[in-house]
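Per-chain residue numbering starts at 1, and chain names A, B, C and D are given in the order in which the chains are listed.
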Amino acid sequence: MLRIRMVEEKIVELYPEQQMRCPVHLSIGQEGVAAGVCEALDTKDTVMSGHRAHAHYLAKGGNLKKMIAEIYGRETGCCLGRGGSMHLIDLDANFKGSTPIVGGTIPVAVGLAWAAHMKKEKQVSVIFLGEGTTEEGVWHESVTFAVLHKLRVLFVCENNLYSVYTPLNERQPDRPRTGIAKAHGLYVDHGDGNKALEVYEKTQNAVTHIRSGKGPAFIEFDTYRWREHCGPNFDNALGYRSEEEFLAWQKKDPVAQLEKQALKSGSLTQKTIVSIRSQIEQEVTDAFTFAKKSPYPKKGALNPKFSYAS
Amino acid sequence: MPRKRIINGAQAIREALDQSLAKDPRVFVVGEGVPDPKGVFGTSIGLREKYGKNRVWDMPVAENGMTGACIGAAISGMRPVLVHQRLDFALLSLDQIINNAAKWFYMFGGQQSVPLVIRMVIGHGWGQGAQHSQNLQALFAHIPGLKVVMPSQPQDAKGLLIAAIADPNPVIYLEHRWIHSAQGNVSKKYFTTEIGKAAITKRGSDVTIVSSSYMALEALRAAQLLAKINVDAEVVDLRTISPLDTPAITRSVKKTGHLLVVDSGWTNGGIAGEIIARVVEKHMDVLKKPPARIALPDMPAPSSPGLTKFYYPNIEMIMRKACNIIGKDPVVVAKVLAEDTSLSATPHDVPNSSYMGPF
Amino acid sequence: MLRIRMVEEKIVELYPEQQMRCPVHLSIGQEGVAAGVCEALDTKDTVMSGHRAHAHYLAKGGNLKKMIAEIYGRETGCCLGRGGSMHLIDLDANFKGSTPIVGGTIPVAVGLAWAAHMKKEKQVSVIFLGEGTTEEGVWHESVTFAVLHKLRVLFVCENNLYSVYTPLNERQPDRPRTGIAKAHGLYVDHGDGNKALEVYEKTQNAVTHIRSGKGPAFIEFDTYRWREHCGPNFDNALGYRSEEEFLAWQKKDPVAQLEKQALKSGSLTQKTIVSIRSQIEQEVTDAFTFAKKSPYPKKGALNPKFSYAS
Amino acid sequence: MPRKRIINGAQAIREALDQSLAKDPRVFVVGEGVPDPKGVFGTSIGLREKYGKNRVWDMPVAENGMTGACIGAAISGMRPVLVHQRLDFALLSLDQIINNAAKWFYMFGGQQSVPLVIRMVIGHGWGQGAQHSQNLQALFAHIPGLKVVMPSQPQDAKGLLIAAIADPNPVIYLEHRWIHSAQGNVSKKYFTTEIGKAAITKRGSDVTIVSSSYMALEALRAAQLLAKINVDAEVVDLRTISPLDTPAITRSVKKTGHLLVVDSGWTNGGIAGEIIARVVEKHMDVLKKPPARIALPDMPAPSSPGLTKFYYPNIEMIMRKACNIIGKDPVVVAKVLAEDTSLSATPHDVPNSSYMGPF
């Protein structure tokens, strides 16, 4: 989780250099969900996501260097530079892809579970989505099909209160999304996304339910995006949300909370934290160095024939 | 093919599904009504009974979601065949088709292809109307990453469907409702028809008629009648709309010097215009006369038979236009048509005289 | 209701003449819903529907002659012959249109109510849909928006157990649609579609709720399509449903039930029924005569310019 | 226009909305983020504050449903303007656009028209990638019942948006992200630019370059540079993609005898092919050389600047192709370009040097 934070803070630091020439949707402030959920998964469980996917990719074990190189548009990137930040994939880690059409990967993730069902495989297909994404009809369609065939799908909804700069009350009636999910026949839970351990436990429970073949689950976690919807800066000055609201959420920093807890319980010492930090620091620096040193794709890589598999 | 085995297009399609299911355990078929007793105009009858619920699926009316689910299954190594009883219903799933299926392979760096076949039936006649008879091959062909096939002959209906299922890419398989009842000689064995290759269904030297799907059947009949008035037309049945077999078209036009393109879709922005553009860009010099196209008028399909009679291109229009291009007076066309009693026997809005509605 | 039945029975009778050259989706057996709902509406309330729309059109007061002429493809039809049975409209009766793309008119009906909201009008927009239609994501989207702005929409769901020949258990999990609607924040009710009076009362209650500005409503009525999904014949022989099931539902005939009730309560006598029947008989015969005598649209009516308003 | 008033495309669009809202109480604007502080690239800033919540709406991310709702509002006599921050998002609503909006007027016998404007922003540059930069004008233009406009100049951006809102039909208003920052002289008053009429943005006699939207800006710059090497190109800025202004194109081609079509969409099945087909069908004889087109390669858009550099057509390609058509050696092109320092100053993937990302 700290690692995700540090990676994204590095993006923040270096984005002004104008070398990461693609949109970036940072998860800073929301890492507790990604980390807690993925901690409860097996390697063979799959994860998919949407536009705000860095944290999910990294938490599932996606290759850091390839992600940074992708954001830099280099041929060493996880999509050979074709995708950018909004298209991440690491098949070795069973991170099956993220795309920026809101809701676009939800049915695809259901399809992974459907295939598993046909093949009698038992891994869980996890799909991360924002609370705004539940507004798309395709969520309804995907849920219906997953419940109908008791597919092994976990829908993880991160409620950060906003869809771009639009608050919930301009988009959704004041009723819980978990209520809708429950009415559809899903196993449902709701938790505090800033408490990574709570996220982990609730996910474990859901995954146990799913693995037993009882049907898919939906968990919503409350969380908050600290920085702008897209890009490296803070944007409270825009006026779509208040500084107070922001500060109140920032106080609940999931990274700091976990650190504090770990220190208190004695599972970590201040010293180990310092050493972990410097290890990560090194890894992150290496990844950025790798990316910046990597070449752009060659001209020959731009060929219509690459649109088709053969 | 040693012995003749005449079956119709719907049977050929069913056979392709049957043999693909038998051959490859990754193949499954899904669609509203696929396992029902009518089996999508007979094309899927008995498949669930034969292959079971895990291979032959019904589904909710949720086209976009189910297309996405098929993409997910496809990247998991399955070979889904998704069926829509009308192309018009698939418009609900264009997001998944265009944004995901078509781009997945490219945008993720070529790591995962989407071996998905989407069958879409194109309605025609019996008052189908504006929302049940759209011919949108041009729309799909415009999207890189998709392949689009559109057979006319039962043999190709079978071979192209098997090829589409075996192809690692998303293939839009467009089946005009009226090719279902078209009869033809079909090989019994499992075989593929190469995607991207047109067929010359009639050789000729005067004028090239490029066409596809049901219009290729009409073009062929028109060419046969044209022969009676000494017009020797060559009929190119595209079979695949994307990628277009430009070399085959070019070869024929080089021979005849005259080009007529007949398409079942709307004129503006249709396939016919694209074909004309390709030919003139590179070979304007071989054209002795300006190329021409016959396609739908740019308006929604009406329901009334009083209107559809004038809406759809027909054999007479093809014959007249062909005569026009080569500079022959088309007055003889009416005479030839009058002589052919088989033409007047069937109302214009049914595929054959045994058809009694309602769908 | 009897009138709707008699009109459709006439279609059944004459369809084999091959002059109604378009698909027809009959409501025979389902008339109780159309009649009961529309009885509870004001003239200025609007109605929209889908592929199975004859009953809704007629119950809302749509012009019979124009409907039959439309089915016959004549220029005197309600769409000038351009639409056929699956496209009905009668603006005088505030029947705002029906189309055969499943779910296609749901958001349009919500849009009618949205416009009314903007114009501060108070009429209710009613949308009829089948239980299969709730599988479309657009239902979810339409409901969300209607509830969000408390639009005056009544969703009437006719559950006839099938979508074409597919039974519910191949399409939906075993959970009530009313539960989903309720979780969305809709006013919800459920009733017996074969009891026209019950339909009427439940609709009245819902409409009262809606008119008071408290938000949209969803009512599901159980019903049964007697004849084939599309066309004039019976189709139990196909085997997708059992003869017993069919007979059990046919016994609950909504027309017969209402007639019996009316006779029992004395609001109708056998004699008035006979006279009503013969009146309707005459009206129906006239409508078919009108339609058959009407000309087809002229060739000049086929012109691309008619695709655009000027 | 008496005095020059230079504003950019985004401001022109905002002005069109503002004046339409002021003039006609039936007009309302809706879209994700329309009332937010960034106001869809500045095009809707302040409108909610000025016209209130009942005229300027945000919405759920539910494109198909909201399009249907707009259709319902439109047939109720309102004049909705629906805004999508990317065209790609509108693919979720193609069912409502194609099946309903485009056909409603015709299929219900001309009783109710759908005065709906759908603004779609086309992404370009800064790594937008495959799902955020599609140019699908050909897809919309193929659908009868829709009108499709695609301005390049701020003046037309304003006039066409006002005209689209005043039009009784559904109009797809495509705004390329890079015309937002294009500067131009714009009339202050409420005025309309006629839909269906192209503009000649530069007169010339050697070659006709037909183009639209951002590519019309590029074509114009190319034509200006071509003048330096004595190639006198005429630039036709289509402004409307459907209905196409075929007479204007024809007039120009008759004059120059040479045709180059430049389009921002994919080549196969694109607008460029349709234009070429229209010209050769009727006027092949006036063409001194085969017509040519420049459009996108038939593949999804990549994200990396290393790839987009070769993906998008540019001024140099236009100049070279124009030279080719008229038989002039294009070696001089490189020289002219090298002399123009303004060209090399801006990276290829941003609309201007002040642009810093991220969207």
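What we mean here is this: contacts are C-beta pairs under 8 Å (C-beta built on N, C-alpha and C of every residue); 3 or more make two chains touch, one makes a residue touch a chain.
Small disclaimer: the values here were computed from a predicted structure and weren't measured.
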Chain at maximum distance from chain D, centres defined as averaged CA atoms: C
Between chain A and chain C, tell me the centre distance in angstrom, where each centre is the average of that chain's C-alpha atoms. 45
For chain B and chain C, let me know how many angstrom lie between their CA-based centres, rounded off. 35
So how far apart, in whole Å, are chain B and chain D when each is placed at the average of its C-alpha atoms? 32
Where in chain C do residues touch two or more of the other chains? 77, 79, 82-83, 87, 99, 101, 104, 135-138, 140-141, 144, 148, 171-172, 304, 306-307
Where chain D touches two or more other chains, by residue: 59-60, 62, 64-65, 88, 92, 95, 99, 102, 106-107, 129-131, 144-145, 298-300, 302
Touch-based graph of the chains, sorted into line, ring, star, complete or other: complete
Chain C residues touching chain A in their complex are 135-141, 144, 147-148, 171-175, 179-180, 182-185
Residues of chain A defined as touching chain D within the complex: 15-16, 18, 20-24, 73-75, 77, 79, 81-87, 99-104, 132-133, 135-138, 163-166, 170-172, 230-232, 238-240, 295-297, 299, 301-304, 306-307
Under the stated contact criterion, what part of chain A meets chain B in this complex? 77-80, 82-83, 87, 89, 91, 96-97, 99, 101, 104-116, 118-119, 125, 137-138, 140-142, 144-145, 148, 304, 306-310
Touching residues of chain B toward chain A in the complex: what are they? 28, 54-55, 59-60, 62, 64-78, 95-96, 99-100, 102, 104-113, 144-145, 147, 168-169
Under the stated contact criterion, what part of chain D meets chain B in this complex? 64, 88, 91-92, 94-95, 98-99, 102-103, 106-107, 129-131, 134, 136, 138-139, 141-145, 242, 244, 265-266, 268-274, 276-278, 280-285, 287, 290-293, 298-300, 302
